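Common to both upcoming complexes is subunit A, partnered first by subunit B, then by subunit C.
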Partner chain A sequence: MAVKIFIATDRLDSVLEKLSTKIDLLIPASLKDDKSAPTGFVPFVPGTAPAFDRQTTTPLKKALLPQVETLLRFEYHKDPQGSPKSSVTVDDQRQVRPTLVFGARPCDVKALTTLDRVFSNGPYVDPYYVERRKNTLFATLVCRQNDAKCFCTSVGGGPADMEGSHLRIVPVDGGYVVEALSPEAQTLLENLADAPDSARDAQAGQIVEEALKRRVGELDTKGSPEAFRKRFDQTDYWFQMINQCLGCGVCTYVCPTCYCFTITDEVENLKGERLRSWDSCMFYHYTLEASGHNPRPTKLERYRNRVGHKFSYIPERYEGLLGCCGCGRCIRSCPVSIDIRQVVGHLKENTSE
Partner chain B sequence: MNNNPYLPELATVQEIITETGNIRTLRVTLDNKQRMEQFDFRPGQVGQLSVFGTGESTFVINSPPTRKDYLQFSVMKTGEVTQRIHQLNTGDQIGLRAPLGNGFGFEDMKGHDILFVGGGIGMAPLRTLLLYMIDNRSDYGDITVIYGARSPKDLCFTYEFQEWRDGGINLILTVDAEFPGWKERVGFVPTVLSEVAPSAKNRIAITCGPPIMIKFVLFGLKELGYEDPQIITTLEKRMKCGIGICGRCNAGSKYVCLDGPVFSYDQIRSMGGEL
Partner chain C sequence: MAVGWVKRSAAHHAVSEIERVEKAVLETSRMQLHKLVEEALPELEMMIGWAESSDPLQTTPIFIRDAKSISKLTCGPLCSQNLTGYLVKPPALDSVPKDAKPIGICVKGCDSRSLVALIQEKFLTRDRVRIFGIPCRGTVDWRKVEKRVQLLNVKSATVEDDWLILDDSGTTHKIALEEVLSRKCLGCRYPNPVIHDVLIGQSATPRSTDLATTYRDVDAIEKEPLEQRLAFWQSELDRCIRCYACRNACPLCVCQDKCIVETREPRWLTQRAGIPEKFLFHFIHAMHLAGRCTGCGECERVCPMEIPVTLIKEKLNKIMEEMLGYAAGLDPDAVPPLLTFNPGETEI
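So, the complex of A and B:
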């Protein structure tokens, strides 16, 4: 029997507070004390106003892949005899706290299927990601705010897609109907709030039904891997597509499926840490080699690689999986209005020629 | 390896050999004796050397799996990590994540004649396979090595050339210009290749060196009748994770760290992407 509750809008804060005693909560909220500021996922503290009314500016990925995280710590030990010999100890101890993301969107959760394939399915398994993934639950909003930049149904998702989610949140008149989709989620809902009345339950049902039917975006990605390869050497074309790019990298920063990272050491005196941080394939230094050679020296190669990675290389490598969840953030955030749908659309035209 | 592929094993520098003005060879052993005894790898597989506090870089294990007293890495001083590696002393502890990458398909090379074409530090990845073949000499036919550098001072592994010759290797050495006392060949590697002209019949060619050398060696091999699948090389890219996750070293949908670094020339042609 599915467990469902109704949370009235004016009770939301107290319900979340109660929930946060059972599990750490991340909610979408303004990133500054200003309602018009960019939004992102932040740890819940009582009084935080959730931003459920729009997609967050920054994606959910940092819940599983923090912008910076410690991979390991090391410490050098001086030889007591004073000879220059140095020894070192290294540890990779880490702790993960069970977390519930309350108010994720289907596109953000869908994006995790790409990350899962890369980080969890080998041949090498990334323990930092996997441990966090196992300990993170998702309460996902049925999306009613898709705009002209969204194209989730074009890439296999949808505004009511609950794949990978543990709870479904349906915004209804006066509040939210929250339904458990997994046993562990049922436990979380116990003693939080009453069941919805039949009118609200029916309204939630209608909203879900409508959202399941809604098509968001008209992009056709079939055959994109082969079409991309055909287009690879048309440098004039790629230059035309990327000419205005400033190389700011915001598309990768806001992208829920962009996961590329760098590893650097930070050290002070004898102690230090090895850190993993988000990186961006849109930067010159990303592929710059010590010899001075750079396989992707201009924005043309870098943009082509970004498009290729999402619509050709990931599908080729990972059984047809796309490296895009259709959230539209890269389009919305681009300061010079580069729209990835244009290039992907052209790929389709290219195959039909 | 342990269950955290990012966590290096501790290793100790046992010996340092100065090869040239900017290339040093490190012989290291894993501190965990049992791991060292069990350590197994394929010729051509690589390791990530860590100097904690500076970072990691990828180098081929250039000793062969048939000689496991130590693991050998040859390092050219180029960037931050390699500068730091050049400051290491014997007895210093470093980190090692290995073996990584694919290695050479040496099983399929059995029964073939072999041609190695190396330039400068590019001899390092060839050395591991060369020594493996010397240690299994009867499995292979003629083995010819063309190895060149700018000057005699820029050749690596000079101290074991005699051992290679004694091991049944047809070793042809060349330098770019005449030098006092130099008795071997003079000329660029691709030129020497076309002079020596080893027959392409039943032969695998393995080449590694500076990109410009590889480019002309490829021309030369094609002229001699070598087909793409007969030509093997190793690729290099900037790498971080070394395990096919961080996304950096791709050429098309292949990761050089995981799917490489060894590729045949037909594989390189078909994978696309930027090199």
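So, the complex of A and C:
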């Protein structure tokens, strides 16, 4: 028997406060005092107003793959003979706290299926990611605010897609109906609030029904992997598509499925830290080799790689899974209005053009 | 020919010339632009302008080599991007041999100052560009629009008189243009291109003629106590995601792939995403633009996190004007003060 509760809008803060005594909470919220400012997922503290009315500016992925994290700390030791780096001690202790993301969107949670394939399904398992993944639950909002840049159903998701979610939040008149979708989520909902009345329960049901039917976006990705391969060497095509690209990292940093990272050692005297931080395939240094050679020397090769990775390499490697969740953030944030739907859509057009 | 090339016009353009072009037979600026580009294209390597994008509220740059695409060109308050950076970065730079024909480019008043600065610093010679100057009444900041009305599926965006009219999923929104103009536009002193070969449309009236209006946002911050100013910048820069859009969009950020924040040898900045790193990056960016920044506002326009990064450069620009009486990007023949070295200098 599913557990459902109703949280009235004016009780949301107190319910979240109560919930935060059971588990750490991350909620979507404005990143400054101004409500209309850019939003992101932040740790809940009482009084933080959740921004449920629009998609966050920055994606959810940082909950599992922080922009920067310390992989380990190290310290070299001198031996009595005076050799400065004769031994090294390494400390990779870390603490991961159970966390509930309250108010994620289906597209953001869907994106984690791509990250899972890369970080947890082998052959190389990333312990840092896996630990966070196991300790993070998702309460996902049935999405009613898709805009012209959203295209989740074009890439296998949907506004009511609950794949990977533990709780479903349905915005109804006067509040939210929250339903547990897994046993561990049921425990979280205990003693939080009353069950919804029958009218609200019915309304929630209708909203879910409607969202399940809604089509968002018209991109057709069928055949993209092959079409991309055909286009690969057509420099004119890529120039035409991305001439205007500035080569910044916005699209990759707001992307919920982009996961590339770099590792650097930050050393001071004999002590240091090994950091992992987000990298962007749009940057020159991303593929710069030690010899000085760069296999992707210009933005053309770099942008082509971004499209190929998401719509050709990942689906070919992972049984049709796409490296895109259709959230539209890259389109919304691109300073020069590059629309990845157009680039992918045109792949299949007459290739002689 | 009704409208010919206005020969080699420099800064401080004479009003009579502007009027002359205004009397051209073409009715609207856009049609006039198409006509002029059509005439000029055979003499050009390529034409860089603005075109509609998949979002009616935003335009996208277009690189025209073929007359078929000229009809896509547009101009007006939705053309907020400064295109001059493309002249010194790929593809314009890479794909064009040095002895090729000139590149045509559309510029607003602020954009034209970047062009002047590039010429001053010898990144570009004047004869490499054909400048299509477009007087500007201010450009729309789509984020300000989004804060006023919830945008779901904008079908069209047009500017009529002083209004921005949006058709969004069957609802018409009429928004006062004044309320959604970019911040930089509100203190604009140079709405008319300071350098151009030809002018399109009517000349615009400057919104500001004095430093107090132009630097009002800097003055407002300077009135705050030091601690509050620090707190302000810490909180603003905390949002930075280090995507470097501000750097890449800047027409005068010319180090390109050798930028100090990414070089590995030596490594000046760590990969940490703390406020100190972000602070350092933004202030290095600003300091490298001291006496060079023309205040085009591209860095701020492109910031996905809405950090008022142009403000840092505005402070430096204000110092330059107050101390040295110099504003960047006005006269192609002037030598910027920080690019000179006078062994007999007594004032420093």
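In the analysis below, the second predicted complex is superposed on the first by the 345 of 353 C-alpha atoms of A that agree within 3 Å, B and C clash if a C-alpha of one lies under 4 Å from a C-alpha of the other, contacts with A are read in each partner's own complex, and residues count from 1 in each chain.
Operating definition for what follows: a contact is a pair of C-beta atoms (placed from the backbone, for glycine too) under 8 Å apart; a residue touches a chain by one contact, two chains touch by 3 or more.
Fair warning: this is a prediction, and the values are worked out from it, not measured in the lab.
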| item | value |
| --- | --- |
| Partner chain in contact with A:V88 - subunit B first, subunit C second, else both or neither | first |
| First, second, both or neither for A:I331, with subunit B first and subunit C second | second |
| Which of subunit B and subunit C A:H309 touches, first, second, both or neither | first |
| Contacts of A:V254 with subunit B and subunit C, given as first, second, both or neither | second |
| Partner chain(s) touched by A:F239 [first = subunit B, second = subunit C, both, neither] | second |
| Touching partner for A:F119 - first (subunit B), second (subunit C), both, neither | first |
| Touching partner for A:Y76 - first (subunit B), second (subunit C), both, neither | first |
| Touched partner set for A:D339, first subunit B, second subunit C, both or neither | second |
| Overlap of the subunit B and subunit C footprints on subunit A, listed as residue numbers | 262, 264 |
| Complex contacts: residues of subunit C adjacent to subunit A | 53-55, 58-63, 81, 85-86, 90-91, 94-95, 146-147, 151-154, 235-236, 238-239, 241-245, 247-249, 256-257, 262, 264, 267, 270-273, 301-302, 304-306 |
| Subunit B residues touching subunit A - in the complex, by the definition given at the top | 3-8, 10, 52-56, 78-80, 82, 89, 91-93, 95, 211, 236-238, 240-241, 243-248, 250-253, 258, 272-275 |
| Interface residues, subunit A side, partner subunit B - complex | 71-72, 74, 76, 83-88, 90, 92, 118-119, 123-128, 229, 232, 259-265, 267, 272, 274, 276, 279, 281, 286-291, 293, 295-296, 301, 305, 308-309, 312-314, 316-317 |
| Residues of subunit A that touch subunit C when the two form their complex | 31-32, 36-38, 57-58, 67-68, 145, 147-149, 239, 243-244, 246-250, 252-254, 262, 264, 266, 275, 277, 280, 283-285, 298-299, 331, 333, 335-339, 341-342 |
